[in-house]
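Shared chain: chain A. Partners: chain B in the first complex, chain C in the second.
== the complex of A and B ==
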């Protein structure tokens, strides 16, 4: 027993009673968030918005979900429906694109930083953290200018696929610094000897990376894939700036639009839209919370 | 445990990636086959080779003011140049009943196509990618972003106030010459007051689409409690006999005698531009000898703020009025007759029916009022004159049809033929304002028609009867007709139509806030000043000086806003 409560919690040596007290305290602290999301989800299955924690307003129905999935956001749109399937596909495409791009790039970069000596490595590594500090919105003017310049040079400025590809690359670029740091942590923990033996046997650096190191950091890859997928899924500003001009909506820009004009919409259908948008985040977090917390608190064993 | 979790996670990640790749493939497939709204029979866009002789034989003549002649000439000209189809995109916005802001163009295309079919011209107009947003400013924001990428909609329906911004940037088609050709025909019966809303620096950049007025609602139950006839008060306000002093007097009487909780309820902070009616009611104007400048009349501003100050100090208007909530405070207070007067808008009339603001005292149920209940409960008048000798007023902020400077860019040989494509876009917005379409839009969305012929149609019992039954045989486009059937059945109530007819006269008294880039910041200063005087944080004089200081602190505003007049000494108003 160290006597430090935090260490006791971590080491699991605390008493059952203390665990219950801590759990209740955390539940109490988290209750506003739990309550808010709970009411949102319940409202999506109710004819009225559920704002009373005692659920006196709750009247069950599936109509909100049916209407939302059909793209009907009010009861009188004269047949003008929004394509929710398209929005979901766009959002999913970008999220997966960001996840794959950021994971691949950072996996290669982290290997180089971890294993190779080159000029400026220290500065570069330190600079990565600084890059991570920049939110997407702070860079938006520069990112937009690059979008215009590249689009003009390639003659694809008015093409939708270019906008989507650009969003994937730009958003992935914001995720790469953190992902490199995570992967570097994983690579640093893998003994040199494993790599040496393969190199001595005549394997190339790329082969060593692919056949030996990458399999050892699979948990890290999974963690980064999930982080970056959620980052792409939750992206708003780049969708708004680069894709909205094409008249293409993603789930976040669509939800922003309907929330801004909530007085014209059926609020319970907006609740269904919000719940739908939250689903991947909730599902991923519930299934992988242990992995994510471990990855953030210093890397996993391979 | 760790290994199990890790392996599960990898499986999940792999599954997601697989699903997403399929999703991406599906998405790309769907984008490659965009849905196209055909106005008549569906055919692929095509150009056919044309001989030089054919093209030379048909020339693009100046617009005549006759739609049939003009569309036939344009279509023959394009056809002779090898183009047999022209595509346009439209983006409209507003409340769910305002879908004419896109279907108007779909129907217009169908009507023009019908003419071409009758004339045997091998040409068709296709409206594709129609988009409707509930957020009123959405089309304008998207237009602003997409114009530089040449992805903007060809026609958008948005508030008139975007005109100055877009015209200044060169984003809008100047339709002055086209409109002038039709001033003696199709545009002849448009209400004169609306032309200023589409004119920027002497040029016309849009056509009005609809408008509204902002009446003073007078609560009949409260007036009955006081022993007054609400319609008599309305008539006296309209004639200028009753001014704001009289309204305040009656409001105070209602509160003092317990007939109502409040005297005057008005718009909240997010709708603050509507309060500028006070400024106009005291004779204020924003225009003057220099068309590039905005003029601020200090006397009118001071008197406006003095009224607000007096209303709050006498307990007639809540001190935090600008922070009230529409659904929980403002509308429930009005529909429950807890105020003697309300400064609102014409659209309130149907909003009180479609939204559950009213709590039934018998059952405790929250519900909308019936049309009959609304009629029993409210009288209405113009916004009262500020003081004797001044006129009552109202305020309009019209929706308009704007055309992109690149309209028709999706079509073949655009650089050579763009004048013809631009003219078609103009004829589309012109036909979208056909009297029957304007009348239908006004009835189903509770807006005021922008032209006299539409107002007359609202008097036509046969027309209105057909609409109420969902008989829309006036539509050429099946798609547009189907879109309106249910909405028309629900909204074409005789009481609502009577209301719209009754308030149309208000357009003769309307003021339209100026299309000047400095107006929006100035309106924000007004809002702050109103908030300060309502809360008693500033006297009217201090708040007036606050506005002046804010203008002088900004070099651009100081340059573009001319302050005229002065704070009147010794002028006061009280109930």
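== the complex of A and C ==
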């Protein structure tokens, strides 16, 4: 055990019994989380909803998944059919778009904040934190008005491409302030001497940024890409406000809609849809555990 | 040379400025402006210049006094923010301290577990609690209590002992998402306490509780303050989880609406009249509160220290 001396001082000096008590208490406190996630996933593989912690209802089947992936969301013949592939693609496009946009924009801006002196630099950097503090509700009314006004002017209101492009930019914007702060922290830690000689030799700042600094913050880029992807993937309100009224389905609005009318649908198929929508989160969760804790302690999201 | 520098700066800062102006600055101005217009049904053409002065704010005050929907939203907001804030801060602190007392290889799993709700898509997360609090025997909570013999027929939790049942669900669901933020911030703050302090206290025979009270908590008081203000702001403005619980009928319609959800519903809910002017006025009230809390946060963060001059700018 490599060690943080603080951890050894604390952890090493409390009794084993107390540690077991703490571990059990934490497990008990966390049990609703384990229970609800477990039951949802199990239900998606069962003929009826598994809500009993003793799992007495569990009757294994793959039907829910087959039905869901075919877009059939009820067992009744002639039941509703949806294009699951299309709505997954829409959600995925937005998530990837948000990730790429937010990461690139922040990577550029953070460099200038970390390395260049300009008028208003302090105000801008302070303003970024303030932006994060502004209520999403206050923004969304204005954001929607801009959506309508631009769409009207260009004559593209209601067109799929415009709506999706707009939602990507608008949603990415919400991630930009925190991502800039995170990248600024990464850039600040890089010794200035590394780029200094390149600048003296006449390389442009853009070149220095791209070939010296960007490769050095790769771990930060990976973290921001994952987090912004998840932010886009888990988004609900923007899909609901900007896409749904124009007849474009996405995973979150689809789930919202079928649950709102749950009596007409098979609950276990909704469980399959929910589990399907949860998959990337679980994959990233497992693959990036350490990164996850570090990035969050860097204050990526409030 | 100067022009060259300007181009470079535009290259780096331009995209961020553009996105910030388009999606933060302009919307904020538009929202405040809209609050002085008679905007409704998103009819931008008809109402964009239909300025009514402070009318929407007067309506807001009037409704807050006499309309149960508005009044309940105000009360629910106060209770929701206050209680969830306590849950988030104290819960986060408790989790941070307890996981800190365990070895890292065990504690990391617990800290990860509590991050899961934060990372889960909102629709799925709400779906989990939809099943958990379901009013029939299918609901997990009802099922557990039925099995344990505590109740003999399923309870409709969302309307159980109104408004308590509804508030409890809102606080529980949002609290689980919220504790992780405090936990992570506090945990890393605790880890940065010089270990000699705790070692010395140990040598002097201090108990765990004394160490927590006399060393850990005082040393992270700035983090406590920061998390409190930041979470208060987040709670005031959060509404997505609440919207789904409200839409799906998990919580009671008259008591399950916080101020920020009220803003959203007034502007977007396709039931009844959509009054964006009034919604914008209600949102502006939140903006003012948000701006104040944001400034307090900056003070706490010790902003001047963080924004030292860049090294080696040439």
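In the analysis below, the second predicted complex is superposed on the first by the 262 of 302 C-alpha atoms of A that agree within 3 Å, B and C clash if a C-alpha of one lies under 4 Å from a C-alpha of the other, contacts with A are read in each partner's own complex, and residues count from 1 in each chain.
Here is the rule we go by: a contact is a pair of C-beta atoms (placed from the backbone, for glycine too) under 8 Å apart; a residue touches a chain by one contact, two chains touch by 3 or more.
All values derive from a computational prediction rather than experimental measurement.
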Is A:65 contacted by the first partner chain B, the second partner chain C, both or neither? neither
Kindly classify A:183 by the partners it touches after superposition: chain B alone (first), chain C alone (second), both, or neither? neither
Of the partners chain B and chain C, which touch A:199 in the superposed model: first, second, both, neither? second
Could you tell me if A:35 is touching chain B, chain C, both of them or neither one (first, second, both, neither)? second
Chain B versus chain C as contact partner of A:265, first or second or both or neither: first
Going by the contact rule set out at the top, does A:162 touch chain B (first), chain C (second), both, or neither? neither
Have a look at where A:45 lands relative to chain B and chain C in the superposition and call it first, second, both or neither. neither
Once the structures are superposed on A, label A:241 by its partner contacts, choosing first (chain B), second (chain C), both or neither. both
On the superposed three-chain arrangement, identify whether chain B or chain C touches more chain A residues. C
Chain B/chain C common contact set on chain A: 148, 241, 260, 284, 290, 301
Which residues, counting only chain B, touch chain A once they are in their complex? 2, 5-6, 8-10, 12-13, 16-17, 19-21, 23-24, 26-28, 30-31, 89, 91, 94-97, 99, 102-103, 129-136, 138, 142, 145-146, 148-153, 326-327, 479, 482-484, 486-487, 490
Residue ranges of chain A in contact with chain C within the complex: 1, 4-11, 13-14, 18-19, 22-23, 25-27, 29-30, 32-37, 39-40, 43, 49, 51-54, 101, 104-106, 108-109, 111-118, 121-122, 125-126, 128-131, 133-146, 148-149, 152, 169-170, 172-174, 176-177, 180, 192, 196, 199, 204-206, 209, 230, 233-237, 240-241, 251-252, 255-256, 259-260, 262, 267, 270-271, 274-275, 277-278, 281, 284-285, 289-290, 292-293, 296-297, 299, 301-302
Listed in rising order, chain C residues that touch chain A in their complex are 8-9, 11-13, 15-17, 19-20, 22-24, 26-31, 34, 42, 44, 95, 98-106, 108, 110-124, 127-132, 134, 138-140, 143-144, 147, 176, 180-181, 184-185, 187-188, 191, 193-195, 198-199, 202, 208, 211, 230-231, 233-234, 236-240, 243-244, 247-248, 260, 263-264, 267-268, 276, 279-280, 283-284, 286-287, 290-291, 293-295, 297-298, 301, 303, 307, 309-314
Chain B touches which residues of chain A in the complex? 73-80, 85-86, 88-90, 92-93, 95-97, 99-100, 148, 157-158, 160-161, 218-219, 221-223, 225-226, 229, 241, 244-247, 257-258, 260-261, 263-265, 284, 287-288, 290-291, 300-301
